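Naming follows writing order (A, B, C and D), and every chain is counted from residue 1.
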Amino acid sequence: MPRLIERCLPVLAGAGAIALGALIAAALLRTPENDGAMARAALEALPDSGVGNPVTAVLLNFRAFDTLLEVAVLLLTLVAVWALDLRLPRTEALPASPVFSSLLRISGPLLVVIAGYLLWVGASEPGGAFQAGAVLAGGCLLLRLAGRWNPGAGFVRWAASVGLLVFLLTAIAMPALTGGLLQYPHASAGMWILLIETAATVSIAAILTALFVAREPGETRP
Amino acid sequence: MTLWWSTLCVAAPLLAAVLLFIRPKWMAGIALVAVTLVLVGALGLASVLHDSGPQFIAIGGWGAPLGIGWRIDGLTVTMLLMAGIVGWPVTLYAHGYFGGAAAGRHFWPLWMLLLTALCSLFLSNDLFNWYVTLELLGLSAVALVTLSGKKAALDAAQRYLYTGLVGSLFYLMGVALIYNDYGVLDLAVLREVTEPSLALWVALGLMAFGLLVKSALFPLHFWLPAAHGSAPAPVSAILSALVVKGAFYILLRLWFDLVPATLPDAVSLILGGLGAGAIIWGSLQAIRATRLKMLVAYSTVAQLGYLALFFPLSESGQWGDAALTGLVYFMFAHGCAKGAMFLAAGNLQRAAGHDDLVSLAPTAQALPVSMFAFAIGGVSIMGLPPSGGFIAKWSLLNAAIGSGGWIWVAVMIAGGLLSAGYIFRVLSLSFSESGDEPEPGPELVPVAKSSEWASLLLASIALLLGLNALPMLDLLSIGLPRAG
Amino acid sequence: MTWSAALPLLILASSLVTGLVIFFLKEQSVLLRTVLNLSGAGVKLILVGILMWGVYQGQTFEARLPLLPNIELVLHADALSLLFVSLSTVLWFVTTVYAIGYLEHSPHRSRFFGFFSLCVTATVGIALAGNLITFLIFYELLTLATYPLLMHRGTADSRRAGRIYLTYTLAGGALLLVGVVWLKALAGPLDFTATGILAGRTDLNPDTLRWIFLLLIAGFGVKAALVPLHGWLPISMAAPAPVSALLHAVAVVKAGAFGITRVVYDVFGVEFAASLGVLMPLTIAASITIVYGSVRALSQDKLKPRLAYSTISQVSYIILGTTIVGPVATIGGIVHLVHQGLMKITLFFCAGNLAETLGIHRVSEMNGVGRRLPKTMAAFTVAALGMIGVPPVAGFISKWYLGAGALDANMPWILVILAVSSALNAAYFLPILYRAWFMPATGAWQERLERGRFETHWMLLMPPLVTAALALLYGLFANMDGSPLAWARLIAEREYLR
Amino acid sequence: MTVTDFYALVGVALFVMGLSALILRKRDLQRILGLNIMGTGVFMVLVTSALGQGQPADPVPHAMVLTGIVVAVSATAFALALSLARERHK
């Protein structure tokens, strides 16, 4: 009997999947798209948002609470991975070759600059904290793999959490300034957003790097 | 004040999480403060609602449709209170349970993040924000399950993770359909604009499926027993008492605000049927269980069935309110009772080093306080007076009988008796032909007094809920949602 | 909170608090526990005394606590509840004394006495319950509180007893719950009233009411051990003697019988119930139970099971009296609530003494035991004669009124039932008395002839003497003010007062 | 059938493909990939709704997708670590 199920499962699953897909597709095609009221609202509010890039405005102003929780998810993942206590072999430094070291000498600073640019441009053009953080993380990994840089536990913890910390403190400081949760003062909205994004960039870079290493720093167990 | 109280509920645990991440040494102290603050915030909100009715908060000052809105009515605050009231003893317990153990270092930030997710889920009223909270909730829950580090726990955690992610993705697909159709995410706005259409039905179907998977309604419960049964005791308590309720809460909100009145009765009947299946099947599995924690976990499967009974009952016109009362009271009472049972079970397991029912009798007699806590929790689970469970059962029965739903009456009665079947299986452990002195048995690992009393405290709350239901019902009735 | 509201609550608290405190006492602190037990029982006794005096003066005592929207926990002292309250309080006091003596040196005493107190709290709550919901709550609490007492010894037998007891009582409780909720959904608040809530409610569908009546009676019938719901009672003999005494005379079976009385008189109203035609079947069931119990008792050689079946039979006298329309029968039924309690608890105390002092468990071992335990057996004799219905012991009064009531309601066949069961009672009690007094002592117990100042531990000896004496007094001075008979008359008048 | 619809349909197709992979495949890696494909499908459907009748494009779906991607990345990282941890116990 189980063998029979084994046989039938693919067929059933396939059929079910196709049926489900057809249903969703039908639902999608049979209905007109929305009238774009949300888009208009977003664009009308854009001037007050403190940034020029509508997506950034949504991420860090209109729906900033989503993003706050999203940063929390990143931090959570790091704790979760550390908790798994994967005893991966230490990533030992790559053999120092002239090519590699010169690559480092050029790319290291370059990556930092690019990250900074992405972060800055995010206010008006596509870009922003996550992209910047990802690039920065690349740089950090290069340095780690080269064995040039092995930050201490305290540093990693602070770097990984500063984004969430700043974001949260900003959020709960705002009611004092404007009387609204996560509601920035009109004049300085852009400044606040930049502050949050900078901190977030650092944390994202730190977390991605730490996820790659997957070993809790300053861990004392054998 | 509303703003401050509600912010407190989310910010306190989140800040605690960050601090505990930066300085693991600070440990429980901060967590306990944070949970207390959540409780304070919830109580503050309760008083605000009492004076000035339901509240709305536009985060970022944008308001619907552009911004995310918090909606704070009786239901919200009741759930927040549940989180705080269950969370407090659990935190106290975990302090004794993990002590300085390495696992504790990770437990505290994870638990605080979970609490954050839960509180923002209860406050939120926005389809996509709910998705983010669901993920935060789900991932932290899975991570907590892995803390015991055993193979079984890891396997259970993986299954839990995959199922949870599939659930969220189904939910998100539903959200995508709705957004594609209406371009709105705020539930209050959607309530006004939606009208029955294929897209809406499919979207609701996808969301409901995803949420039912997450709230483990039979037969989608397959992931639950292993996960709840193999997690560390305080985690099991959190999962059974709070986490499953999170997804169900969203389902409830959708049911009230998004499901059109033209919903065919068949649907609610099917949901009720699944509930009935859960009650019977879960109870039978619990009766057959060989390990204490698995028994309690299957009991959760069964109890979640009662939640689904709400759907057919709420259709029954004038009795709908009684059904909702019963439902919410049930969630609350089950939270306390089941939490207490898991904590007590954890004490036994910790003391004996195992939780095989056959050889647990000496341990049970060595830990009377924990057994007492388990017993009180059990009374509430069985729906016997005096307990919150009894109030809940009374209200649900009232709705069922009033609306002539005799099938549901039969199911509830059967469920009550079956639950007695497995609960007294455990309680009878306290009575064995011990000699003149309680027999020493195998030498037991000492259990922290705080852990024993924490379980009793939580159980007593389940008991106290049964003494006077009016305060909570008054709170619940503020902005009482009605089926669409 | 006014005094009239506080007093019923205090009466509950006096044993509830004691119980909760005792739970957390160390096993060794015997003295403290004993003091607590006795003072708790004593305080309750005094409070009930005050209560009775107050009611006698025409005061009303009522406490109302909100529970759910338009559902209240009501504790109310009316004549009927007072009868049961006073009975359970008095008998609790003596049983406490007995239990302390009986359980010396046995393990888990804190647990035992904790639940013991909870058990009585529940019983008193049942007695004072002012509406069906309150009644139901304490009724279920009683189930929960008696379970640990049954299981106390933890032997295979008692575990089995506990399991079966739960199966019966929880199922019964479930039926009761459905009945109560249903009735609440139909008829609103269910406060007991002397002539019945439903009396004259023509708006309700009689068939529905019949169903509800069936549910309620089935729910109570389990604890009242109404055949065929009696299965748990003989098995529960595995419990320690004081527990059996409490179960049979005061707490469990009485709660069932009392519940039936409440349903018939104060919920439906006896005439209305009769008009629904639901009483006759109950009468018949009671009659069957009476005869069946006695017949089964005959064939028991073990003493306690014989007493158990006797209980099954005797308790149905109460139900019989309840279901016969007419004040005289009512008096008979209600007064038997008290008389049976006194006599049966005496018998169990004595059985306990025999087992404890001489290790006697079977009737066949009792030859000549009267010479070894004269006082105990004297008490036993009085109670046994009372059960048979020999004047002047109280049991005679009950049967007399039952018979007369049956004639009033012209149901002469009831007399036959009474005659038969009395004959059977005699048939299973007299041999015991004969063996005890007139046959030469044989049996293993003679080696255990160590005598103290008393024939056995004084805490085991006093209780049966007291209860036997009461049974005798209530028979002799039945017409005295404040006697159970007087109370029963009062209740009957209120019930039939139109 | 506009190009938007086409994207949407591809999204749905990815969703169900990922789902069936998750059900049918046994190896952790394949299942995790399945989950990611499912996610991608949803994101595509979501992002197509940005091109409603109201031009220009609606930024909100973009933001939602970005958030979704970050969550998906986190979940994937955790899932991979978890399966590694299980390997270690074998």
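One rule holds for everything that comes next: a contact is a pair of C-beta atoms (placed from the backbone, for glycine too) under 8 Å apart; a residue touches a chain by one contact, two chains touch by 3 or more.
This structure is a prediction, so every number in the text was calculated from the model and none was measured.
Asker: How short can a chain-to-chain path be from chain C to chain D, counted in steps between touching chains?
Answerer: 2
Asker: Which of the two pairs, A-B or A-D, is linked by more C-beta contacts?
Answerer: A-B
Asker: Per the centroid of Cα atoms for each chain, what is the distance between chain B and chain D, given in Å?
Answerer: 28
Asker: At what distance in angstrom does the C-alpha mean of chain C lie from that of chain A?
Answerer: 72
Asker: Nearest whole angstrom, what separates the Cα centre of chain A from the Cα centre of chain D?
Answerer: That pair's centroid distance is 16 Å.
Asker: At least two other chains touched by the same residue of chain D: list those residues.
Answerer: In chain D, residues 8, 15, 19, 45, 49, 52, 58, 60, 64, 67, 71, 74-75, 78, 82, 85 touch at least two other chains, as defined above.
Asker: What are the residue numbers in chain B that touch two or more other chains?
Answerer: 128, 132, 135, 139, 142-143, 146, 173, 177, 179-180, 183
Asker: Two-or-more-chain contact residues of chain A, please, as numbers and ranges.
Answerer: If we look for residues of chain A contacting two or more partner chains, we find 24, 28, 32-39, 42, 62-63, 66, 70, 73, 76-77, 80, 84-85.
Asker: Which stretch or stretches of chain B touch chain D in the complex?
Answerer: Within the complex, chain B touches chain D at residues 128, 131-132, 135, 139, 142-143, 146, 151, 154-155, 157-158, 161-162, 165-166, 169, 172-173, 175-177, 179-180, 183, 185.
Asker: In the complex of these two chains, what residues of chain D are touching chain B?
Answerer: Residue positions touching the partner: 8, 15, 19, 22, 28, 31, 35, 38-39, 41-42, 45-46, 48-49, 52, 58, 60-61, 64, 67-68, 71, 74-75, 78-79, 82-83, 85-86, 89.
Asker: Within the complex, which stretch of chain D touches chain A?
Answerer: My answer: residues 1, 4-5, 8-9, 12-13, 15-17, 19-20, 23-24, 45, 49-60, 62-64, 66-67, 70-71, 74-75, 77-78, 81-82, 84-85, 88.
Asker: Which residues of chain C touch chain B in their complex?
Answerer: Against chain B, chain C makes touches at 23, 65-69, 105-108, 111, 136-137, 140-141, 143-144, 147-148, 151-156, 158-159, 162-163, 166, 170-171, 173-174, 177-178, 181-182, 184-185.
Asker: Under the definition above, what is the set of chain B residues touching chain C in their complex?
Answerer: Listed in rising order, the residues are 368, 372, 379, 384-386, 390-391, 393-395, 397-398, 401-402, 409, 413, 416-417, 420, 424, 428, 430-438, 467-470, 473.
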